[in-house]
Each structure stands twice: as C-alpha cells, then as structure tokens.
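There's a structure below that I have some questions on.
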Amino acid sequence: MPETSSVAFKPLGRAAMAERLARDIPEGWYVNLGIGIPTLVADHVPLDREVIFHSENGVLGMGPAPAAEHIDPWLINAGKQHVTLRQGGCFVHHADSFAMIRGGHLDLCVLGAYQVATNGDIANWATSENDTAPAVGGAMDLAVGAKRLWVVMEQTTREGHARLVNRLSYPATALAVVKRVYTNLAVFEVTERGFVVLDMIAGLSFAALQARSEAKLHLPS
Amino acid sequence: MINRIVRTMAEAMAGIADGAVVLLGGFGSVGQPQALIDGLIEHGAKDLTVVANNAGSGGEGLAKLLAMGRVRKIVCSYPRSPSATVFEDLYKAGRIELELVPQGTLAERMRAAGAGVQAFFTPTSYGTKLAAGKETREINGRNCVLEYALSGDVALIEAWQGDRWGNLTYRRSGRNFNPVMATAARLTVAQTQHIVELGALDAEAVVTPGIFVDRVIHVPYGDPPL
Amino acid sequence: MPETSSVAFKPLGRAAMAERLARDIPEGWYVNLGIGIPTLVADHVPLDREVIFHSENGVLGMGPAPAAEHIDPWLINAGKQHVTLRQGGCFVHHADSFAMIRGGHLDLCVLGAYQVATNGDIANWATSENDTAPAVGGAMDLAVGAKRLWVVMEQTTREGHARLVNRLSYPATALAVVKRVYTNLAVFEVTERGFVVLDMIAGLSFAALQARSEAKLHLPS
Amino acid sequence: MINRIVRTMAEAMAGIADGAVVLLGGFGSVGQPQALIDGLIEHGAKDLTVVANNAGSGGEGLAKLLAMGRVRKIVCSYPRSPSATVFEDLYKAGRIELELVPQGTLAERMRAAGAGVQAFFTPTSYGTKLAAGKETREINGRNCVLEYALSGDVALIEAWQGDRWGNLTYRRSGRNFNPVMATAARLTVAQTQHIVELGALDAEAVVTPGIFVDRVIHVPYGDPPL
C-alpha cells in the first residue's frame, strides 16, 4: 500500500480510541468492558455521566481504579486489576453475573478482537491451532449476551493485514453479533450491507481506509 | 443522573399494552404488588396474560382484574383457594385460559428467561398430565421434560427498599417470586415500602440489582393483610 | 369387610400420625412439610432436636407458629400460615428455593396423598377430570426433588377404598418416588417387592391390614 | 445440635477419594480456598478432575497440586496467565486433559447441577469450536447449544463468615464461583475467615444457606495477595 504512506493522517492511539468510543455511551447504560483497550474506556466516561460498569466476576457498578494506598484486596475486576465500587454498586455470584450477561441485560459490551467479518462475526479468543493451551474466559457469553457488541481494535495487524474481513480466518467467538467497530482510523456500523463508515480520522481518504480493509466498506446511504 | 423513581402511577404504568404478558409477584398476600395491580386496572390494558403463583382471591387486586374481563389467560401453579371464586367462575364458564405449571418449574422458567437460557430439561412433572405433549429425555438416568423460558412484557413486583438506580431488597417471605420476575420482563416496575439514598443499601445484601428494574414507585402501605 | 369391624384396635388420629412420623426424623435433616397432616409433623419435633424446616416460598429454618400477639405479617409458610424463623434461618427467592428442592438438597419431603402405588407412584394433586380448576403448587417438584419422599395419609378413604393401590387411578404427581407411607394403621416401606410393613398399631392383625390395602403387603424379610 | 464446624484439616478432607471431581472456588487470587487446596495436597487424593476458572498460577495452591501430578483433567474457562507455567508445561507435554468451557456456561452448568436441572440450551458458543459435536437447536430464533449439568464430588470454597449450620457470607468480589460451587457438590467444605454464633448473620443477607454446606473450617488468613 505505498500510496497511503504519504497521506497526512495520524492514527489514534489506544487512549484516543477508548475516548472516541466512550463518547458514544449514554448515561444509564450497563456496560461490560473487555481486557485491553476496552478497559481504558471507563477512564473516559466522566463520573457525573452515570454509566454502570459490570465485571463478569460479580461486580456491578465499578468505579475508577483506587490510589495505591486505597486498594481493597477483595475487590478486583475480570482482568484481575484492583477496582472500586461506586455508591449503588453491588456484588453477585458468578451464575447471577452471567445471567445478567446471557439474559440480555447489559446495554453494551466492548471487546477487543483479532478479526470482525462483514456479517458481524467476531474472532477474539484463539489465534491458531498451535499447542498453547486455549483460553476463552467470558468472551463467548458476552458476545452473544449483551444487547450491543462493539469492538475496539487496530485497523490492521502489525504486519499490515486487514482485521475487517469477508470471512473469519481465526476461530469464531460468536456469529453475527458485532454492531460497531472502533479502530484507530474510523468507526464502522455493521449493517446488512456490511461495514458502513460512520466517521474517519482527519486527513484519511475513504480509498486509503478501504485499502486497509479486506471487507468492502460503504458510505452511509 | 439515573433516576428510576417515578412519582405517579400513570408513569409507572406507561406503555403497558393490550395483550401484554404481565408477571405478578407475591405468594399469598405477602409480597404482592397490590398498588401496581390497582394501577394496572386504572391503566386499562386488556387481553392480558397474567403469570402469578395464585389466581387471585377475594374481590380486590388480581381477582378484580379478572372480574373486569381484562385477562385472557393465566399461567400459575395454584389457582385454587377458598376465596378464589372469581377465577373459578370464569374458568368454569370457559372464559379464561389456564396454563397450570408446577411451582418450581414456573420459577425456573422465569429464571431461565432472565438468564438467557432458552430451555431446560427438568425431572419435574415427568410422567404426569402436566407433561402431556412435551418433549422428554432420559439424562443421567433421570427422566426429564423439556421446559421453555417464560418471559414477560412487564413485571409488577413488590419490594421493601429501593434506590434511584432501582436496587431492591425484600422483607422476609415477601421475597418469593419478586426477584425472579424482575429478571424475566422487558419492563420491571417495583412498588417499594421505602426509598433510600443511593449507597444506603449494603452492597453485599442487594437482592435485585437495579439492572433488572426500570421504574420504582414509593408505596408505603404497611403490612400485608393477615 | 365385616370381620375387621369387630377387631379391637384404635386408628391413630391426625396428631398421632404426625407424631409417629416425627419420631423417624433425625437431627440435622432438611425437611419440607406439605399442607395438612404433614404440617403437623413440625409440632412433634422438639426444638432441641435441630431439624431444619424448609418452605417452598423461600423460608429455610422455620420455627413454631407464633402466638397471636407475635405474628409477623411478612412471614408465612407455603400453606399461607404465619410462622417464625429460627436463629440460623434465612430467606431466599423462589428460584433458589426450588433449586434446593429440585437439586436434591432436602433430606426429606412429607406429603399427603390420595393414593400411593406399589411401585412408589404418588397421586396427590388432582382427584378427577371434572371442571374444577386444577391446582398443583409445588407438589411435583417436591416429589421428584427431595432425597426421600414420605407420605402420610389415612389407610383408606372415608368410603373405605384402599389408598395403597396396585396402580394409580388418580392423576400421578410423580413416578416411583415414595419411600415410606405412614397411615393411621401402619408404617410401610416402599421396596422393590412392594409395600413392606415396618410396624402396625396395637391390636391390628396383618390380615386386617391387608384387607385395607389393594396392593399386596409384605412382612420384612 | 448441628455443628458443621470442624477443627482440623484432616476432618475437613475426610473421604475425598482418588478420582474425585473437585470444584475449586475463586477468581484470580480473590476468594480462593488456599488453605483447603493445601489440605487436599496433604490429604493425598490423586487422579482428580479439577473444575476451576483458572488453571493455577505461580507455584503454590492449584499449581502445586498440578505439579505433583495429582490432576488428570481440568475443566476451566481461562487456563492461560503469565504465571500459569505449571499447567502450560503439563498441557504441552500431553500430561493433562483440558476441557475448555466458556465462563458463563461453566457457572451455569454448576448452577444447573445444584438446581436439579439436567441440561439446558444456551446461545453461548454456538457456531464456535467449543460447540463442536454438541447438540444444537434453534429456539425462539436463537441458535443454541445443549449443555449438561456439571456436578462435583467435593467443592472447596472460601467464604467470609460461617456459622455452625454452615450459613455463609462472602467478601466483595470474593463471592464469584464460591456460592455456585457450594450447591453443585455432594460434599461442600468451606474455609471461612470468621466463625460467628448461630443467629448472628442477617437472615436477609445469608448468601449460601447451610443446606449446601457440609463442613466449615476457620482459616483467618487475612487479605488475599495483591
């Protein structure tokens, strides 16, 4: 893709991607954030916009990370990081926590991904068939359970391979579930037509964006 | 600021449509959302399917809703009681449909709906009339019946304390079906004896987290009738 | 059965039947008591023999009925009678309560019945096919769920028909679940051979007992 | 008098047999029954199947049990962590069997076992490798996978408070899998930070009623490691 390297645009960093996504979360939503960039989203939701964060290990109403001197060793999130509980938060056991997830009570789940296919399939748990032990955690439950699944990820792999694909080449986490994708270059809605570009970073052309996607991109109709 | 507390019964009932499936909490007179049932009567929705453990007694509450002809079908485990005469008369006259469900299956079907489980195999009712026509299967040496999730368009429940996020506690045996129904409906409305400040409830002792509750209305009516 | 009417025996009353059954409940058992004579069983278990009574409306650890001036209007049992809670008791919701039942966590359930068949089938919820609305409550869950199901009932109907039968004529509550039957005349174990008589009231002959049972009775082998 | 409190680890472990299915509570380092795992190591049972969310980390606890070759199979959702090297080495060497289960399905399968539900249809994992070979069905427009109840011979759990009837509370996110596993095993053993008098726990706030608990042992070890 030699033509694109000369274009004047600056991809978003991880924090900026999280901030961009956070802007689209309205007050009152129940939200589960996956590990990695998704976790950063919480830092960009102001406390006075009441968004209620859920962690699959049974914490509803998580607040910001504590200062080191205020760590409660009994309070961690699904990423095993220490967190706090907001007033109004509560604790439940794992079956009840996943009842919230599977039962469609979360307004939003944000996950990272390796690939998203044009029909909304997501691959985010296993990269290959090698002999490393696989691990899935709660990703499959979250992907099928939340009312909306938004993915935040880089537009391409480090090697330049597209992550928006026609068909997953990595093992699926769930089928036809992704509603939006936030990348370091653009925001996409997953529609019946495929990926529709909602917005792009400044200086990026549609053609340059398309060059970084295997799947065909669409403009809003 | 999230505020699920509504001030008027009209707000509490807004959007409940004709033909709705309505889950009604309570067991006996304890934990029954009496004020919300009165609100539903006033609201006027008809052609309802009601899911409740009992089929109303005396002449108030559910019995009144039935007497007004608003209920097409009732799903319950125990419609019979000495004072359930309104239901009994409608039933004998063929003017109401009854789906009789074992009490534990009734609870579990709603729990399944709330938990996103679409169906489950249970040993309860195998080999009985209530399993007639249902799929059966032997699993681990136990004969089971396949039962499907039962969800509501609206759940009307009674709780003890509530806050503006919709977190709820219950009082003693007033808990019963209420927390289960709260999870199983698209719209959950709770009448509570007390409204408390956010943060006043013990985070370890919230029974229904606000994620399951859409509206809270303060109805400090006191004790249930003896 | 004219020969039996002249025999000198006195059938147990309801309280005595409950008392007889209560004797066989050891400390530490979790027990659910059905409506009617079963409810009376609790009155015959001394408080210092810790038996933990469960009620399907979410009460675990019920104590005796309160004096009128101590009634808590928020605390009823499955028969809608006011009860008390012992120290150590607790409240759960209906799905959790029936998880205890269906999950096999109750050591014992005691139910009344219309009929018990020689293979342990029980009929206790519907008597006929008339137009009265049927009602089942928690009987089917309790009958299949508890570790042991004991039935307490009169030996015969008021009309003198046997309740211990070869095959149910009333609609079944559950199949092959009854372990014991306590009647006003005797106690029966339900075994692979059928009903085995564990003990009888004084003055009753085995022949007289058999005359009051459609199902063949056996002596312990 | 019912007294489920045991004084020694030997009593706590009594009867755990070779080949047992052992449910281990905890999520990360919080709510893990560390003392009971040490007790299990000392007890010596082998050829175990362990059900736990993670596959052990570092060199203590579950990792040590694995390193000693006591575990034939592990059922978990997330065996991978930077310090899960003991498991990873065994896995790569083909010396341990892994059944990978989505975390919510893992919890629900044990909840089903505890609740007497023999199997259930869930949308989780449909169309993925983890559903390979499983029965599927479309219900209410949702593609589902049939999952079976998962019970244990023994559950080893950690709780905050316990009384002599076995009633338990938990502390914050230490709750996690512990109450679910307590319901799903034939023998449930809890280590608790505190022992309280019968009646001291709030009847509205008991999380695990004693009906699910067979033995309680007092292990006031303090906070989990950071």
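Read from first to last, the chains carry the letters A, B, C and D; within each, the first residue is number 1.
The working rule: a contact is a pair of C-beta atoms (placed from the backbone, for glycine too) under 8 Å apart; a residue touches a chain by one contact, two chains touch by 3 or more.
Source: prediction; values computed, not measured.
Among the remaining chains, those touching chain B as well as chain D are A, C. Just to note, of A-D and C-D, the chains joined by more C-beta pairs in contact are A-D. Centroids of chain A and chain C (each the mean of its C-alpha atoms) stand 56 Å apart.
Separating the CA-averaged centres of chain B and chain C is a span of 29 Å.
In terms of their C-alpha centroids, the spacing between chain C and chain D amounts to 36 Å.
Residue positions 85, 91-92, 95, 98, 101-102, 145 of chain C are each in touch with at least two other chains. Looking at chain B, residues 108, 111, 115-117, 122-123, 170-172, 203-204, 207 sit in touch with two or more other chains. Pairwise chain contacts in this structure: A-B, A-D, B-C, B-D, C-D. Those residues of chain B that touch chain C in the shared complex are 27-30, 55, 77-80, 84, 87-88, 91-92, 98, 100-105, 107-108, 110-111, 122-130, 143, 170-180, 207, 223-226. Those residues of chain D that touch chain B in the shared complex are 108, 112, 115-123, 139-140, 142, 144, 148-149, 169-172, 202-205, 207.
In the complex of the two chains, the chain C residues touching chain B come out as 55-59, 71-78, 80, 82, 85, 91-95, 97-98, 101-102, 126, 131-141, 144-145, 171-175. By the touch rule above, chain B contacts chain A in their complex via residues 1-2, 111, 113-117, 163-165, 167, 183, 198-199, 201, 203-204, 206, 209-212.
Listing the residues of chain C that touch chain D in their complex gives 27-28, 30, 48, 50, 52, 54, 60-61, 85, 87-92, 95, 98-106, 145.
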